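In what follows, subunit A forms one complex with subunit B and a second complex with subunit C.
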Partner chain A sequence: MGHLAVMVRKDLLRHWRSPLGPGLVLAFPLIFAGLIALTFGGNGGPPKVRLLVENRDDGLASRLALSALRDARMAQYFDVEEVAADAGLARIERGEASALLRIPAGFTDAILAGEPVTLELVRNPAERILPEIAEQSMTIGVEVLDAGVRALGPGLVGLRGAIAGDGWPSTETVAAIASAFQSSAQAVSELVFPPVIDLAVVRATGSEPEEPGSTFSTLFLIMLPGVAVWALFMVGDTGMRDLLTEARAGTLRRQLSAPLAVREIVAGKALATAALATISLALLACIGAFAARRPVDVVAFLTLSAALILAVTGFSAVVYGLARTERQGATLASIVLLVFAFLGGAFVPIDALPASLRLVSRLTPIAWGTIGYRSLLEHGAGLRGVLPSVLVLAGFGATLLVVGAWLLGRRAARGAAA
Partner chain B sequence: MSGVLWLAWNDVRLTARDKPAFLWLVVLPIAMMWFFGAIGGGSEQPLRLALDVLDQDQAWVARAFVGELREDTIDLQELAAPPPPGAPERRRLVVPAGFTAGVLSGERQVLRIEHVATGNLESNLAAQAHVIRAIARTIGRLAAAKVEGGATAERYRDVASRPALARLAVTTAGGGTPVPRGREQSVPGMLTMTVLMMTLIYGAVFLTIEKQSGMLRRQTLVPMSRGRVILAKLLGRLILAALQIGVLVAAGRLLFGVSWGRSPAGLALLLASYAIAVAGLATLLGAVVRNPAQASAVGWIIGMVLASIGGCWWPSEVMPGWMRAAAHVLPTAWAMEGFHGLISFGGGLTTVLVPAAVLLGFGGVYSLLAAKLLRV
Partner chain C sequence: MIQAEGLSKRFGDLKAVDRVSFEVRPGEIYGLLGPNGAGKTTTLSMIAGLLTPDEGRVAIDGIDLARDPIAVKTRLGVVPQEVALYEELSARENLRFWGGLYGLRGAPLSQAVEASLERVGLAPRANDRVRTFSGGMKRRLNLSLGLIHAPRALLLDEPTVGIDPQARAAILDLVRTIAAAGTAVLYTTHYLDEAETLCHRIGIVDHGRQLAEGTLDELKRLHGEGELITVRGPFEAAVARAWVAGDPTIEVVGAEAGTLVLAAKDGAAARVLGKLLDGGRPIDGVSIRPPSLNGLFLKLTGRELRD
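On to the complex of A and B.
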């Protein structure tokens, strides 16, 4: 037992003196989750759609449409700028706006006459999401316009006559128009002032409503578990690689000349790897806890973490038991872990994966680790909630550790000559 | 000069002899192009939104509303009852009982859309927009029917059968060739990222190995001046980046159907400028880090950070304004801007002049710094 402690201490001290490798690996989840949270959840809120409007009509209806676009509620989502006719396209091509709305000449006339009218929306092809929002919003706007023209039809026809005529319209004409508008408005008021159908948006699972301004930390905590689990596997890889480094440097041969059994050396390396992963996990957990600012079930967290560390150690033991050189092992581990990371939801949530990949996602330990930690952080799961992840990771880890220890033992016995 | 070329080619040869190089330089980037393209909706089929509808009312306004929801782009399934606990989560819209009677009496009715907690944000927003459009259409048609004499099912159908008075025609600016959804971002984005990352890693790792083993010092005894050795190192990394770019451009065209624009000259200028910037950065990294492990880890992280901030992972439009502006101190943002000009807008040589000039500037600065800091 004393030998094991000495070996673990020696390996940890070596990593402590040269912390850049594991340090950079551990920095990555924080950088990655931070960048995602900054991009999609900064306190500035979602970016506004920059919408240019070419008003080629400049009549009553188009001016009303423009003021509707500049309404306070629309201003939360749109930056509307009126530009001269034919000037909008050049601005779009310079990337200065997401979309251009063209109100055609004769728009007011057509609206008042109840004739068909077509507005044109030009999307910026270099963007995808903001032009889509512009298109969806303008489509809704056109639906409303269409409904308005139908509902206010008689009043609009009267208004057109009054505007087209010379001089001021007569009192009777004004009264007739007002009456037509009033009766239409009265008929539809119950339906549209305010709209009789509303939409409430809820998330299907019973997660708590988000606090205002918490988008950054929410996204950070959504992204952190997956990428942190992947980083822990990478740290484990750094730890276990030492066995091959020592074989190359000749220090393994020296250890074998001491009164140490091969299994003790392998066990020491596995324990050092587990200790390195535990320290790394503790560091990441502290940062996660600081961002979460809410308690998690400690027993569930510790059980899940123990299972994950077993999986990390077992995985790296098999990789370096199979590899002939450090470089081969590092390459094999990087490739397998990268595939696991993409399939297992480390970089992209599992639900956002293509259907074909979702099917195989749960074959990866990273998926189980990610699901477990997200359950703890997002849904406040207890031991029962993370039990599936614990069982899969522990089973995966124990199996691989047995196989890996056998392979490493064989290598260590031979490997003094490696 | 032949010595410089020979030394540069030797660096490329060493990289090619590394067995996993093919995987990292070619297979991984192509896999990532496919992966991120698929996530961004990169299938040949148009995006279909899944929406389950639970109509608890079943009276005529509710049925008319569900009818307004049906469109080619929606995979709409009607549920007879709420799904049992434990059933797979799907996006669901609930029309409450008493909806028709409530609407007709002017009593506010609230439809509830339940998103899957971990669902795709873009799909969720698109589904919401679709439902709001159907609501607007339903209210509009009900209003028109009411003005014409009363809101009845027959009159509603009559109003709905008439052609629209107001329409929206949607076009796209520029003369770019449309490419399958998602790929227009993922293919240039992953090319930009992986060329940067792999040139950084391979370029810096081999340089640190040469520094550690004393090979670099020996090369100056060939005889070759320090300046020419550094030039050879830069050229080696430039050739490596250019080879990878060539393979990935071909893969983008042949495997993913991406059109690289109408200007081969513009594309060549942009890619050459980017390769020069990346080669300079790889040599600089190799000059400042001490060993291959550091080179690999730092190269990986620099690649990831520059790619994400530069707009290679997601469209830069979703980033906050300050981040979009700050990204322009990075070569990746200028490369992506050039790609969008060529691919999305179908621009010519002039479109990429500014991005190419900036990239060449980056390349020059990185190379000068590398030459100053590299200890031969």
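On to the complex of A and C.
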């Protein structure tokens, strides 16, 4: 045990004296998560649909429709700009808006006459989500408008006559239109008021109402677990690669001439790697706790972290047991970890992956680590909630550590002969 | 103290060490002399427990390496040829680490570290990182790491390679001091002058084989103390051999096209030289060397000892 402590102390001291490598690896997840949060979050809430409207009608109905789109509640989601006829398409092509709504000439007349009329929506092909929101919203709007026109049909016909005539309509005409609207409203009132089905939006247990400007921290916390787990694997890579660095420098050979068994040297390096990963994890956890400002089950966190560190150590032991040189090991680890990171939710949430990739992602330790930490952070999960992640990571780590230790033992013996 | 008996090691088709045997006594400096690739480092690696011999046996202080490697390694100090240091750490931290590996803890470790620093003259730079050290300072620290646990036997693998004469002299003085304190020192080198001035006994190796062993005087006596005459010119080996055939005072050490090496006994060099030059033979140049280890090596191997 004394030898192991001496070796771990030496390695940690060396990393402390040359902190650039582990430091960059640690800074990376914070920078990455921050950039993602800044790009897609910022402080302005969710992105708005920029909608251009070519109003070729300029009648009562089209003006009412435009007013509806500029309503305060709609303005949270839509940024509506009225543009000259035939000017909208050019701006869509320049990428200046997500969609273009074309209201045809004679729209108001057709509405009032109860005749069919078509609105045209042009989507920006360079965007995917915002034009989709515009299309879905317009579809709902058109259905509501269509239902209204059908319900108010007689009143609208009278209104059309009054608008089309010269001068002010007579008192009798206005009374007749009002009476027609009232009759129509009474006819549909039983169907519309009060609504039979209502939609109440509630928040998940443990979550708090979102405050204005909290999108950045929300996105940061969504991204942090994935990239932090990825970064820990890279820290482990740095730690275990040191065995090959020592073989090159001659210090491994020198250690083998000391009264030590090869397995002690391998165990010392694995322990030092685990210690480095633990320190890194503690730093990331502090930053995560500061950003989250919510209580986390400490026992669950520590258990999950221990399992993750075992997985990190086992993975890097296998990589550097297989690699012949430091460069070969670093390349192998980078490629494998990049794939694991993508599948494991470091770049995009696992839920956003296609179904087939979601299945494959369960084969990666990064996915299980990410799922575990997100459960802790977002859902306030306890030990039972993270148990699947703990078991998978511990099993993965223990298996790889056994294989890696055997491979590294052979490597260390070869290092002695070199 | 250090016993090597019939050590052999093969790497594929190459027999790197072939039945090498020697013993180093307490307080003795034993020089293993040979050119690069002679098998010196392989022999040292087998004694240090880094390589397993195909044949033969190693014992330190009477303990068989194969039976109890940990006990042997505890008694052994190893100074590798390469400067194997942690450059991010200070001299003191390097010493503390290696002392810790040999089981030193607490006050004994601190005392050993300070004594080592004083011994190699690095006490004023003890807390400086090794990467700021000169080549000579690194070599001295490299040596002190092998001594931190006061070993009874010390293996030094070409410890003066690539350093300036002043640093080299300091290291050689240190080795003498260590041996004087009773440590058995096995010292490999390809520098003839180091072997001549430093070592009590010398073993000459080449191509993995042990060619000779003894004190410098013994080696000279065993293999003749005559001067070496090297003759160069446009001649064939067989022709050159015929020039000195039948002369009992001359021994042909080496003969190849263009070069003839002769060992002349008991002041016969001048006479032999006159005979060669008077005959109108195709000779371009002649050199005569007094008796030396280099001459002995040339006589044993038929070639110069050089890098």
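As a working rule, the second predicted complex is superposed on the first by the 389 of 418 C-alpha atoms of A that agree within 3 Å, B and C clash if a C-alpha of one lies under 4 Å from a C-alpha of the other, contacts with A are read in each partner's own complex, and residues count from 1 in each chain.
In the analysis below, a contact is a pair of C-beta atoms (placed from the backbone, for glycine too) under 8 Å apart; a residue touches a chain by one contact, two chains touch by 3 or more.
If you're wondering where the values come from, they're calculated on a predicted model, not measured in any experiment.
With subunit A as the common reference, subunit B sits beside subunit C without any clash.
Once the two complexes are laid over each other on the shared chain, residue contacts for A:Asp146 go to subunit B alone; subunit C is not touched. By the touch criterion defined above, A:Ala72 lies against neither subunit B nor subunit C after alignment on the C-alpha atoms of chain A. Remark: in the superposition on chain A the angle formed at subunit A by the CA centres of subunit B and subunit C amounts to 90 degrees, rounded in steps of 10. Subunit A has more of its residues touched by B than by the other of subunit B and subunit C.
Contact with neither subunit B nor subunit C is seen for A:Ala84 once the two complexes are overlaid on the shared chain. Across the superposed structures, the minimum distance from subunit B to subunit C, using CA atoms, reads 16 Å. Across the interface of their complex, subunit B is touched by residues 20-21, 24-25, 27-28, 31-32, 35-36, 38-40, 42, 44, 46-47, 89, 92-93, 95, 98, 100, 111, 114-130, 132-133, 135-140, 142-151, 153, 184, 187-192, 194-205, 207, 331, 335, 338, 342, 348-354, 357, 378 of subunit A.
Residues 2-3, 6-7, 9-10, 13-14, 17-18, 249-251, 253-261, 416-417 of subunit A are the ones that touch subunit C when the two sit in their complex. Within the complex formed with subunit A, the subunit C residues making contact are 45, 48-51, 69-71, 73-74, 76, 78, 80, 82-86, 88-89, 93, 97-98, 100-103, 105, 129, 145. Residues 20, 23, 28, 35, 38-40, 43, 65, 89, 91-92, 102-103, 105-122, 125-126, 128-133, 135-144, 146-147, 159, 163-174, 176, 185, 293-294, 297-298, 300-301, 304-305, 308-309, 314-315, 317-323, 337, 340-341, 344-345, 347 of subunit B touch subunit A in their complex.
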